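In the two assemblies presented below, subunit A is common to both, partnered first by subunit B and then by subunit C.
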Partner chain A sequence: MRTPLFLLIWLGIAALAYAIAVALGNDYIFFAGYVVLQYVVLATAWNILGGYCGYVNFGSAAFFALGAYSTVAFYKYITENEFYRLPMPVLMLIGGAISGFVGFGMGYLTLRLRGAFFAIATLALAVVLQTLVVNWDYVGGSRGAYIVRPEEIAPIGSYIRYLFLVMLVLAVAAITIARLIEHSRLGYGFATIRDDELAAEACGVPTLKLKLIATTISGALMGMAGAPFPYYIGYLQPASTFGLDYAVNSIAMPLIGGTTSWIGPLIGAVLLGSLQQIATVTISSAVNLLIVGCLLVGFVIVAPNGVVGLVHTYLQRKPEDFVGRRRVGTDSPEAVP
Partner chain B sequence: MIFSFDLLINAIISGILIGGFYAAVTAGVSLSFGILDIVNIAHPAFIILGSYVAYIVNTTLGVDPILTAIVAMPLFYVLGAGIYQIYYVAFERRGQESLRGLAFFFGLLFITEVTLVLYFGVDYRYVDARYIGPSWHFGMMDVPFRILVPCLVSLLLITALQLILTKTFIGRAIMAVAQDQLALRLMAVDPIRIKRIAFGISIATASLAGAFLIIIQPVEPSVGREYIGRVFAICVLGGMGSLPGTVIAAMLLGIVESLTSTFYGPSWAPAVSFGFLLLTLAVRPAGLLGR
Partner chain C sequence: MTDATNGPSGAPILEVENLSKRFGGFVALENISLAVAAGERLGLIGPNGSGKSTLVNCICGTLRNEQGAVRFDGRRLDGLDAHQRTHLGLARSFQLPRPFVTLTLADNVRIPLLYTVASRGIHLSSRSIEERCRFLLREVGLDAKARHLPRDLTQVEMRKLELARAMAAEPKLLMADEAMAGLTHSEVEDILALLVRLNEQGVTIILIEHIMSAVMSFSRRLVVLVSGRKIADGDPNDVVHDPEVERAYLGQ
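Our next item is the complex of A and B:
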């Protein structure tokens, strides 16, 4: 399928989703849907680095929070100086640029080493950025920051619908980017890194450059997902914005859905995101995080290729018919003689 | 900036003592990550588990936390050996340890933390023991027993570990498994068994480290997260699996953190370990006493 057609189909699906949400007429749908869409973006962004290149990023929350706090900083600056109010897409681009830049810097420092170092460094990055934000009084420090959400916005109506729509467009964009990467030279390069980095390097694949591209794209998308968040939540606080739930969700969703193609994170995010929304309302938010943790551990042990892998096994088809590319070396028998 | 001399001295002393404690926290990771190449990021969660075991026994039976931890070590060993078995069967044997193995440990970290939150809530817990409270005074120096005791026991633990690793057959086999599994197999030793033992020992140290933690500071389930950056920074700086290196790196980090929190405020201290980690990775990835 050509990319423009793919994009058109998904825009159609997005329009349909929006129409259904409007038809239901309950604003709660938009609040819940926003969170699910946000996770679609986070999971897809994580998968570009984690699923395609095989480098694990535990710092999703850090990139997400960077986007959110860049919005807070600009909001403060604008309200204090009575400057022209920046529209949401511009704020998202700024948040994305900052996160992408930080992703690039992180990658540059750690990606030349073994993969585990990168994973640990991302974990530590979250702690350090949180320390910086806690000590930065301009954006509220540890007390948190309030953002006044406008009640209405001109053509759409209530502001939450606008946020939902913005996130919907971002989610479609993220999926399209992921698919575009998957079927390009870049994607094949990523796959060689994941399967055997040393061999790829020996064949002349510019591994460091490709990894840096992946971290930058992935970080930027996470930052863009975070940028509208202060407007959604109204009160932004470091402890919850840097919370482990973003990190665990953006890892769990692709791994549960399946990491080899764009559809895996989408399936994982929609399944797990909706499940969590239901569990938060009906049980409690702590229990729903426990469910995510258990599902993550269960899936990585029992179904290493996620829902997509399970479907393939069920249909008895070879993965390449559907996924487009086969993982090399995943199901090899004992690696050690 | 004007700073008084006794403040400086006290900051350095408490840094060294805290560093001793950090060495115990990191010893397990030096074994698992440094020697066995198992990126056990759930290690801090097991430390918190150790803290809660010490807390439960201390509040219900009034037993000394360090004694409890030593008695609980075999249990932690069994837990560790069990986890390694799952890890081996599910990931290492299939060659998937890099992505899914990491996610597995991350999930374990998460499950442990959330379970503790559900069961105990997010209140800070603490223990009682004779040495918590009093401290030694030499002139302007001030040595609180609640940090001194964990530091000394921790150095004992590290010494014992080092002796096990260098003097016993099992210990030498653990060092060998890091270098050449095939050669070990040719000597009629099962590398998987050796790794299981080593990982069990690594988790067993978490029991003791957890008791130290709850002696030094009140503990709540998410405290462990602060230790992830620290533990790996120390492990990498110390030279991945070298126990003497771990002690030196831990004390170095302890001193720098303590100076930072004395002169810039405690809210900046968590950033120190990350700075250390990045600097080490960028400048000398082999660490101080690298192999």
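Our next item is the complex of A and C:
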């Protein structure tokens, strides 16, 4: 499928989702939906580095928070200086640019680190950034910052609908970017980095450059997901913005969905995100991480390649050919004596 | 020790000059000089730990040599990354096959086409890439398994994939690092025939091998490394009867 067609289809699905949410007439749908969509973006962004390249990033929360705090900083500046109010998409681009830049920096500093060492370095980055924000009085420091959300925005109506819509568009953009990468030369290059960097270099793949591209794209998308967050939450505080939830969820969602394709993080985020929203209403929001933990343990045992892997194995059992990149030919192992 | 000589087809394609490599206090390579002529079939032998793979790694850029210079096709390679050297036309196969395990065989050989061949300004359409992948896999007899993952392959097929992937980069020089270790006699013949065919297409080949019969039948020139030093270089039949080589490596 060509990318424009893919984009059109998903914009159609997004429009349908929005129409259904409007038809239900309850703003809670938008509040819950926003969080799920935010996780779709975070999981997809994480997967570009973690799934495609095999570099596990534990610092998702830091990139997310960077986006959020860039919005806070601009909000403060604007309200203090009576400056023209920047529209949300512009704030998201700014947040994305800042996070992308930090992603590039992180990639540059950790170029030679692999596996657990890379993961620890990203965790350290999150701690360093959190310490900086806590000590930065302008954005509220450890007290946190209040953002007054406008009540209405023309022509959409309530502001939460607008935020939902913005996040919906970002989610569609994120999965389109992920899919575009997956089917391109870049995606093949990323896969070789995941499999064997030495062999990749020997095949002519510029692994260091590709890693930098991955950390930059991944960081930028996470920052964009974080930029509208202060307007959503109203009160932004370092401890929760840099919280474990974001780091753990953005790893767990692709792992549960499947890391090798764009659809894995989407499935994982929708599944886990919805489940958490339901649990928040019916049981308690404190149970969220427990759900993630239990599901993760379950998936590691039952389906190490996630939902996508499960479906793939199921399809492979069938003797007839099916459409897909790793199709089984007529000479499948079962058929060979 | 004979001096580096130019082969039949003239100018050397690869020149190694006084190359030294240390790992801490251990001297892995000491003042290695070597010139390989374009189109040559060179055998490189030596006991385990004599520095053969280290030499390959230094030439390919996987390791950095502290001293000396490597020139390829008239260009100095020192300071270039491994992938840049591959773009220039140096290819290698690994001692232990290192396939991309999550990619199909066709995608494995696609990588050098996408990155190395494209880097030379040759832009292949996706269809011609597809055809080229098929062709390369057919060359090594793996076309039936094009859509399989490397885990479905046997040891000899794994090595053939390794060679197909090296061939995909359309190299001027191929270094085959123990491409035949652990294979049966007929499998060795298979791989040898493949290397000879490549050489006839104009690819210079350095064969690093322990199987003497294979080295002797393939090489037109033989270089012997012992403890990081080059102790012999010349016609294979002269070299194996060299007293120093016999003492250090073959006879005892």
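Quick note on the criterion: the second predicted complex is superposed on the first by the 315 of 337 C-alpha atoms of A that agree within 3 Å, B and C clash if a C-alpha of one lies under 4 Å from a C-alpha of the other, contacts with A are read in each partner's own complex, and residues count from 1 in each chain.
One rule holds for everything that comes next: contacts are C-beta pairs under 8 Å (C-beta built on N, C-alpha and C of every residue); 3 or more make two chains touch, one makes a residue touch a chain.
Keep in mind it's a predicted model, so treat the numbers as computed, not measured.
Asker: Applying the touch criterion given at the start, work out whether A:V297 contacts subunit B, subunit C, both or neither, answering first, second, both or neither.
Answerer: First partner only, subunit B.
Asker: Looking at the overlay, does A:P206 come into contact with subunit B only (first), subunit C only (second), both, or neither?
Answerer: second
Asker: Touch test for A:L244: subunit B only (first), subunit C only (second), both, or neither?
Answerer: first
Asker: Quick one: is A:A191 in contact with subunit B, with subunit C, with both, or with neither? Answer first, second, both or neither.
Answerer: Second partner only.
Asker: After superposition on the shared chain, which partner residues are touched by A:A97: those of subunit B (first), subunit C (second), both, or neither?
Answerer: In the superposed model, A:A97 contacts neither subunit B nor subunit C.
Asker: Is A:A286 contacted by the first partner subunit B, the second partner subunit C, both or neither?
Answerer: After superposing on A, A:A286 lies in contact with subunit B but is clear of subunit C.
Asker: Between subunit B and subunit C, pick out the one touching the greater number of residues of subunit A.
Answerer: Between subunit B and subunit C, the winner on subunit A residue contacts is B.
Asker: Between subunit B (first) and subunit C (second), which does A:V134 come into contact with in this model arrangement: first, second, both, or neither?
Answerer: A:V134 contacts subunit B only, not subunit C.
Asker: Identify the partner contact of A:L109: answer first if only subunit B is touched, second if only subunit C is, both if each is, neither if none is.
Answerer: Only subunit B is touched by A:L109; subunit C is not.
Asker: Would you sort A:L310 into first (subunit B), second (subunit C), both or neither based on which partner it touches?
Answerer: Neither subunit B nor subunit C is touched by A:L310.
Asker: Just which bits of subunit A does subunit B share with subunit C as contact spots?
Answerer: Touching subunit B and subunit C on subunit A: residues 329, 331.
Asker: Under the definition above, what is the set of subunit A residues touching subunit C in their complex?
Answerer: Within the complex, subunit A touches subunit C at residues 185, 188-189, 191-192, 194-196, 198-208, 260, 325-329, 331, 333.
Asker: Within the complex, which stretch of subunit B touches subunit A?
Answerer: Result: residues 33, 39, 41, 86, 90-96, 98-100, 102-104, 106-108, 110-111, 113-115, 117-118, 181-182, 185, 191, 222, 225-226, 228-229, 232-233, 236, 265, 267-268, 270-271, 273-275, 277-278, 281-282, 285 of subunit B touch subunit A.
Asker: List the residues on subunit A that touch subunit B in their complex, please.
Answerer: The contact residues of subunit A facing subunit B are 50, 54, 56, 58, 109-110, 113, 115-117, 119-121, 123-125, 127-128, 130-132, 134-135, 142, 244, 247-248, 251-252, 255, 259, 286-287, 289-290, 292-294, 296-297, 300-301, 304, 329-332, 334-337.
Asker: Inside the complex, what are the residues of subunit C that reach subunit A?
Answerer: Residue positions touching the partner: 60-62, 81-84, 86-87, 91-92, 94, 98-104, 107, 110-112, 114-116, 118-119, 144-149, 152, 165-166, 168-169.
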